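Chain naming follows the written order as A, B, C and D, and within any one chain the residues start at number 1.
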Amino acid sequence: MANSKYEYVRFFEQPDNLLPNTWIVVRIDGRSFTKFAKKYNFGKPNDRRALDLMNESAKSVMKELPDIVVAYGVSDEYSFVFHKSCTLFERRKSKLVSTIVSTFSAYYIHHWLSFFPSSPLEPPLPTFDGRAVVYPSLQNLRDYMSWRQVDCHVNNLYNTTFWALIKKGGLDNEDAERELAGTLAKDKNEILFSRFGINYNNEPEIFRKGSVVFRSYPTPTPPPKSTAESLTPSSLLA
Amino acid sequence: MANSKYEYVRFFEQPDNLLPNTWIVVRIDGRSFTKFAKKYNFGKPNDRRALDLMNESAKSVMKELPDIVVAYGVSDEYSFVFHKSCTLFERRKSKLVSTIVSTFSAYYIHHWLSFFPSSPLEPPLPTFDGRAVVYPSLQNLRDYMSWRQVDCHVNNLYNTTFWALIKKGGLDNEDAERELAGTLAKDKNEILFSRFGINYNNEPEIFRKGSVVFRSYPTPTPPPKSTAESLTPSSLLA
Amino acid sequence: MANSKYEYVRFFEQPDNLLPNTWIVVRIDGRSFTKFAKKYNFGKPNDRRALDLMNESAKSVMKELPDIVVAYGVSDEYSFVFHKSCTLFERRKSKLVSTIVSTFSAYYIHHWLSFFPSSPLEPPLPTFDGRAVVYPSLQNLRDYMSWRQVDCHVNNLYNTTFWALIKKGGLDNEDAERELAGTLAKDKNEILFSRFGINYNNEPEIFRKGSVVFRSYPTPTPPPKSTAESLTPSSLLA
Amino acid sequence: MANSKYEYVRFFEQPDNLLPNTWIVVRIDGRSFTKFAKKYNFGKPNDRRALDLMNESAKSVMKELPDIVVAYGVSDEYSFVFHKSCTLFERRKSKLVSTIVSTFSAYYIHHWLSFFPSSPLEPPLPTFDGRAVVYPSLQNLRDYMSWRQVDCHVNNLYNTTFWALIKKGGLDNEDAERELAGTLAKDKNEILFSRFGINYNNEPEIFRKGSVVFRSYPTPTPPPKSTAESLTPSSLLA
């Protein structure tokens, strides 16, 4: 069959192999999750079921893709790290990003009812976008992780205070926003403590620091197939 | 909060905006679908439920992404076309690919039970990878579509004959392969007709030509919101 | 010889082939030419010898690279156009840009004394940088050319008026700048005409419109090897 | 002036900033130098004047571009290394490559008569192409340098033996090629020594090992402006 007449279109495909010897991070983000969280009544400022579902989906991704060495999640985003020596899919960017996004999305839908048993999903469904970035040095990678964790901390302290002002302080959204405008971390800590008796440092670590999925390699006996577990890091900060 | 110390890692993100004024095609492909099809006992050479599920998922993608103008599917792959004037996501490649792959995967899982009610999904789940290619001219785009449809035709004629030899002719896989080695299209047509009384041209169009999802814009009255429908094209060949 | 130990470094080279079926424009620009023009006392607002040297160098480039179909120059910049069907160097961007920049630079130095016989070059030498851009449609290419020509017109009208104010009007640089701030094209035309008796439309076309180098293909007799000539276009505007 | 109508063409320019925190190597190569060397009767197997001209041009490049930390040359190629922290031209690939290629080409033409005083250049002129590659680690960079130097060694040993067979052994090109087919380094050393009394290790280092241009920073007194010198390295091999 003369397929050759059309096969020239293949030459429009442009290679996108990522630079060798660099750490690959694929970060996925929930699309329109503010709206989605409202639709399914996610708790504020954090919904433990939603975070557990993110973590469960991330663990499924790591089980299916053994090349991922570690993953870090916060809110509706997750970062998956491939070792700098990784050669999966010849390091093709689109292939790596799309495979992770597809796998994560599939498991998020699949696991949904285990975490939200009384709220079956209705279209529009939750979806994620993704991107890949490469980092030449381990220090760059650590700083990337710290960047995400600082983001987690800053957002969570704000959200915790914001929702305390609303739920316990009786303010409406606008007033709570105004109250927090220009405040520093210590101001928010003070508001939480003096007005609502909340010691921010006693808030659950999973809210304050995010989640890490890493591989556990038992050392004494011959190593079985690796498994993926999630935990909250005491700190990822450099 | 001094986030700036780590924020430099943003500069490692490299832009991937696709060239303006070109047709964007995002093609997704099922990952390890041979194994997946066997696990869920897909019919051979074609499984109508599986194709209907692909089409239903593609329609869901088009409903969520109004910028897609047309989509073409065959087997476990689907091509989504954005108009050359499209500016969605500033034409960022990773964003376009990951959003389509995520949305398709989510709906594939979500719709599964409607098409395979007696076979609930078990991990590993079906997933898809994706890539984006741009075509400068309408002729290039037509040729891309023809390329995929010729592929559909070549594969389906082969598979139809192969499975007729096995199911109706009693051959095993190796013998069927040997029988077909080096045969032309007319030879396969002849085998089907003379040995099994099958006129290949009477096979369902959805098997021979693939599926198209397009938008229907009613013309006489003021246009309501567009809807997405799928059909089998009489021909996409140029 | 065991070269293989180090040859892995080749895999760090990333392909940069330009998209097929698009018009390639390589534009080169003089580096620090304001300073360079001062050093060699280029005439103001235009130096005919400098423009002739640019044109001569561009013609040399076109003689050495038969794949270039047309070139357009203004001031210290030149744009070289490759046909959308061009396959030179497999359309590798770095190879195309570096070859044109190298050839242009070599001839600029080589021809220098023919145009500035009494001013031999001394380091630092005149050099050029370059970039490649692809345009999917002929209209895009025309608009690119128009963009450069409008730039030529805007700059030349400004410079012509600016230097008339200084040379004939006795103003210093600051006063001339102030005088022109906020003026429209018609204002500058009026200044030139009413104060200095200059009808801008009578200025040499090479200053007002730039230069084009194209190939002349004699039609009646069997075509000899193409030659490259430069001329001033009556207009490139769409 | 309504330039905006055409200015949209700017959006076709695609950024090409090189990944931060990686070593940048720009390698230039002579175009068609076999033919060029024949035209100007370059000595065989090496022409000292031609190498000195390459080195002189490389030194000029390093004087004009203080961001280059070291350069390595062999035959008609030269590699220029920018530090991984370099931010010159925002690390834009085309800008870096074209500037180096242009500067090198300009000085090669400019210096020519100092090295070939009796052979003025005639078109077609010598030109160079160039490319940029980034290396994430210092080890990768060292291996790149070793790769080029091994190449120098392999080629020079072959050429030295080849031309000895012709010039001193009276063979023609075909016979010399046949004689060397399949030989190892030690075989070539043996041919040189036993037949022609040549101890390869006594050949000039500049032929056997290539040339390095580095910056000399005097340490005892306050550092003056850096200068660029060339030398032959005892060894670049790791």
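Note that in this section a residue touches a chain if its C-beta (ideal position, glycine included) is under 8 Å from a C-beta of that chain, and two chains touch if they have at least 3 such contacts.
Keep in mind that this is a model prediction, so the values were computed, not measured.
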Across the interface between the identical copies chain A and chain B, with over half of residue numbers shared counting as same and under half as different, the residues used are same
Of B-C and B-D, the pair with more C-beta contacts is B-C
Per the C-alpha means, the centres of chain A and chain B lie apart by a whole-Å value of 29
Cα centre of chain B to Cα centre of chain D, whole Å, reads 50
Among chain B residues, those touching two or more other chains are 12, 14, 19-21, 134-135, 140
Contact graph of the chains (line, ring, star, complete, other): complete
Per the touch rule above, chain A residues touching chain C in the complex are 11-12, 14-15, 17, 19-21
Chain A residues touching chain D in their complex are 19-22, 84, 134-137, 140
Chain C partner, complex, touching residues on chain D are 1, 3, 5-10, 12-14, 16, 28, 31, 60, 63-64, 93-95, 97-99, 101-110, 121, 123-135, 140, 143-144, 146-147, 150-151, 153-154, 184-185
